[in-house]
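The block underneath contains the structure these notes are about, expressed in structure tokens.
We call the chains A, B, C and D, going by the order they appear; numbering starts again at 1 in every chain.
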Amino acid sequence: MKQLNIGIIGAGRIGKLHAQSICYNVPTAKVLGITDVYKDHLPALCEELGIEKIYDSYVEMLEDKDIDAVLVCSSTDTHADIAIAAAKAGKHVFCEKPVDLTPEKVQAVIDTVKETGVKLQVGFNRRFDHNFATIRKMINDGKVGDVEVIKITSRDPEPPSAEYAAVSGGMFVDMTIHDFDMARFMAGSPITEVYANATCLVDPAIGEAGDVDTAVISLKFENGAIGVIDNCRRAAYGYDQRVEVFGSKGAACASNDTPSNVVLMDENGCTGEKPLYFFLERYMQSFRDEMLQFVDAVINDKEVPANVDDGLAAIVVALAAKKSVAEGRPVKVSEIY
Amino acid sequence: MKQLNIGIIGAGRIGKLHAQSICYNVPTAKVLGITDVYKDHLPALCEELGIEKIYDSYVEMLEDKDIDAVLVCSSTDTHADIAIAAAKAGKHVFCEKPVDLTPEKVQAVIDTVKETGVKLQVGFNRRFDHNFATIRKMINDGKVGDVEVIKITSRDPEPPSAEYAAVSGGMFVDMTIHDFDMARFMAGSPITEVYANATCLVDPAIGEAGDVDTAVISLKFENGAIGVIDNCRRAAYGYDQRVEVFGSKGAACASNDTPSNVVLMDENGCTGEKPLYFFLERYMQSFRDEMLQFVDAVINDKEVPANVDDGLAAIVVALAAKKSVAEGRPVKVSEIY
Amino acid sequence: MKQLNIGIIGAGRIGKLHAQSICYNVPTAKVLGITDVYKDHLPALCEELGIEKIYDSYVEMLEDKDIDAVLVCSSTDTHADIAIAAAKAGKHVFCEKPVDLTPEKVQAVIDTVKETGVKLQVGFNRRFDHNFATIRKMINDGKVGDVEVIKITSRDPEPPSAEYAAVSGGMFVDMTIHDFDMARFMAGSPITEVYANATCLVDPAIGEAGDVDTAVISLKFENGAIGVIDNCRRAAYGYDQRVEVFGSKGAACASNDTPSNVVLMDENGCTGEKPLYFFLERYMQSFRDEMLQFVDAVINDKEVPANVDDGLAAIVVALAAKKSVAEGRPVKVSEIY
Amino acid sequence: MKQLNIGIIGAGRIGKLHAQSICYNVPTAKVLGITDVYKDHLPALCEELGIEKIYDSYVEMLEDKDIDAVLVCSSTDTHADIAIAAAKAGKHVFCEKPVDLTPEKVQAVIDTVKETGVKLQVGFNRRFDHNFATIRKMINDGKVGDVEVIKITSRDPEPPSAEYAAVSGGMFVDMTIHDFDMARFMAGSPITEVYANATCLVDPAIGEAGDVDTAVISLKFENGAIGVIDNCRRAAYGYDQRVEVFGSKGAACASNDTPSNVVLMDENGCTGEKPLYFFLERYMQSFRDEMLQFVDAVINDKEVPANVDDGLAAIVVALAAKKSVAEGRPVKVSEIY
């Protein structure tokens, strides 16, 4: 197999991003075709990127023998069904997170992947980020010693609409899920218990919709380490994405990336730039690198670097966090699934 | 009153520090006399610093009409009794933290202070630290907006002996008490609930002595803000003292102080110095400034900047944290006292 | 014109870089063909990047009517002749620096460009670097005030071979030429006088070959500003590329870019990464952006952002620096050309 | 000798500073008496600091057998004569910089010191600064390798009045003299040649008074290293004091000290504080430490850490810099003295 032929299901923000990323930066793959429930914008995208085919539906795409792998970038509620159909059609699958909001459906995906033997990678792109991957490598190289405390700060520049907050499944499932995966990735161990101290301080409408927008989430890991994630749906200075891993030999700390490193010293002080605006700007390199590794895993039959078990683990922890807020107590992950 | 005449009760590490600090840096006060249960080292200290009197006991000191104020730097279990005796003798009191390990005894000090009308300041020196005081000023100036999340990292360079850990009342009472006060100071609001996720990862002997050495402590404040303190009794790189206050307009972050700001760029990377070693090095300026403000409060009849109510609040939260670990659940501060 | 058809002359390190950059990142251009004096490696490159044509020589390329513009990436001594031939053939030209080592030949290029009306951009890629472009924008926005002092630090990770040092025309022409252009770019004013304090401290063989490897170069600008460039052919910590512009309202400072921003705090101190290794790693984004702007200038008939007058100015200053070292005195640029 | 009895000659800003510094921070010394041409403010100062004697003149002070050492803090034009008189009276001398504006008079001080055998230390306080002393130690410890390039940035927050600029001997003698000493200190080698690229950009009145306010000064050292100092009499962001020493193994860089390390992240960016305002704030610790070492050198008969030869070297280089500007050429230091 020279170039992997990829079909993209869902051409929204993230689907388009992957399409561009593959066309410009992944020489080992080719976007053969695309589909979306809304089709008006597809011809322009296909012309820009040289994509040959527009399918009526993902079903049609899965019938195309030339397609080797699909990217599931559709709405969250369709992820699991499409992933299962794709696997049954013998296509390798890259599935955006979360795989599903219910552990049972994610389990069904796990089972299908096992039966069919296809590769399935979940879109935990942050594992591939240059800063976080560097920390993980330092841990692997023994520079941090035994991991004892994991700290993650994750704040969005602006809150979503209350409507979105409501349908997204809530902050833990929609936003913190990345941080839960990052915590597991850094700890090298499953999360066993969660206590979420969460509230609504940014937008009352979010609270009225039954969700929270600010949280401090305390974690226990199976290997004895502990951790904390702090989230906010709004930071006046932009997208705040920091990780600190503390261990017996030291601590590795990743700060924010900025558009430039220029500092202006003037009568106001010494001022550097705000962080890169949001995930598209901040994580561009990681979106490319996760795709390079997915394509490499398929072509060379390697393990995918973030599999559907990781997807299951993250959603289960997210649901434990929700239960923790509802009941005002620490919740064991095993209570959920 | 030209210079405040001060008597120091207890000439251990912290008592000596205050004696030197007053002699060299507080022109408005004079250390008139000193006492300690161990007296061998007192003459040398008095000669070095020009201290005139060595008292047999604090009782004798309190009878000396020339003494305006006393510093209670004796062992923790004697703080409250001495403070009460001093107040009844009409002496102003500077009392090291914790005032006592039981809320009831701290309450007795509060009552005595109220009756006698003396000033009593508690040794929460970190409020006076240049970094943390700058953050507090930024909050006051409205630069952070509404305070939403308070984050404190506090790690010691080396663990205490297990024996000390046992008799000190435990990490929360001995070490975290400073952080609880800092959290209240930054929030400008009482702590109402605590969940402590704590464990023993540094020294098993500490665990056997019934204490913890590593913790992530989740906080709720009366004003709706939330917070987190993370502690460890040992950091390979030294004394880690950071504070971050996040609000609706931005975040103010204090990092560690270092002996110099020199960075060496060589084949190993770009390396700056480790933090200042421990509290004596790190907080020297704050020990001086808390004393300047205490003396100023007495001489000019002002409010002390950290009073015995603050001392009570901190110990109550520390006890709530202990109960939280023991019972594996969030504990309301009102359950304690 | 939909896509600009580009021919690349010279497929060495920098030619290949531009080819990849255009294929992957410049949607408005297409590499139609390529040529090099060595042809063995061309088929593989063409297959990788989808380049259709391999020309026998640049002469053949210039005869191809489908070619709209050429990139001159051949050896320095051929730049001027090829640029002139290309311009006469009606092709737009992107010419790597230096345009030529003699001002007279660069003048001939200037004259031909004027006569033929083609666009010619010189490869001063650093103008497009995110850090330096940010400083330039701050100056334009008035944040620095009147520019008074320009400081540039430019150090390579490793010295070239003495042979290369000899044939390259020397450090000022080969390496500092970028810094001379940066100084002019930041000052917004020509350099009028140069005093080069230069020596050979890294490799005696470089000195024996008649060149220097370490220098502090003092500059005067026509607008009254002053400046300094410091160079070294070897830095133990890698490629050091910093710029500081000081003015009446403040100073804008760009530091080095690193592979990640992770800091490891351990018993050795707080260690960040070394700078990105060398120009390919450090300036990748600028190579892409200079090409985007060249293509945009051609397609939309705009001014090129670095023209052949800039190329002339830089080489003249470099020659003045050489003369300054030879004669041990400040040299007016007007003495050279 | 238990405590060194010190007399202070000149109770202006720097004399007062040393008086306070000794009283509060140098337990091994005592300020026995003080004198000044203006005497009105002396009683208050003496009362504040517990200084016993006010002398009519430095002559009277030198006759006092109880005085062991004097601090010469009078106006520059009197330094040399007083230092000579003090040495002849058998008093050890701490002399503020510059010792004199003429090399001949400094030589006369050198000769007298040699004859009388007293200690004489020159007030090059910056050698004792925590940042710069750390760099010097790194060089001594071999961490920088062979020193190749020394870079010093030294900018004042505000320009002096044109009158002061005129009588002070000019910027090089008044301000840069500290940097010339720092350059020698870091290089561990004499400066042999100076080229000063200097101009007047801050205040035209300074230019009319015959002085400069902005400069880039290129240096050659006897050991083959090269260097550069950049000065400005005004920086919008305050007192800018940075040093970088580059060598075969790496570079050690000192940045500015700030009142706190707090960074405010908000919609304007990530803003840290301006540098400490001016030399009194910035160099307080170094003023104390130079005094501690002077007292130690006298009491324990050690070498002083900055002697009158260092004072001579700095003034000679400053005069070479003036000549360089006047004649527009590099000037060998040996041309001056």
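A few remarks follow.
Here is the rule we use: a residue touches a chain if its C-beta (ideal position, glycine included) is under 8 Å from a C-beta of that chain, and two chains touch if they have at least 3 such contacts.
Being a predicted model, the structure only gives us computed values, none of them experimental.
Here B-C and C-D are compared, and the pair linked by more C-beta contacts is C-D. Summarising the inter-chain layout, the chain whose CA centre lies farthest from the centre of subunit C is B.
For the pair subunit B and subunit C, the distance between C-alpha centroids works out to 58 Å. Averaged C-alpha coordinates put the centre of subunit B at 39 Å from the centre of subunit D.
Centres computed as Cα averages put subunit C at a distance of 42 Å from subunit D.
Residues of subunit D in contact with two or more other chains: 235-237, 240, 249-251, 265-267, 273. Interface of subunit A with subunit C (complex): residues 24-25, 27, 48, 130-131, 133-135, 138, 143-144, 249-257, 259-267, 273. Of all residues in subunit B, those touching subunit C in their complex are 235-237, 240, 258, 265-274. Per the touch definition, subunit A reaches subunit B in the complex via residues 145-146, 148-149, 151, 153, 155, 195, 197-199, 201-202, 214-216, 218-220, 224-228, 230, 232, 234-237, 240, 246, 248-251, 328-330.
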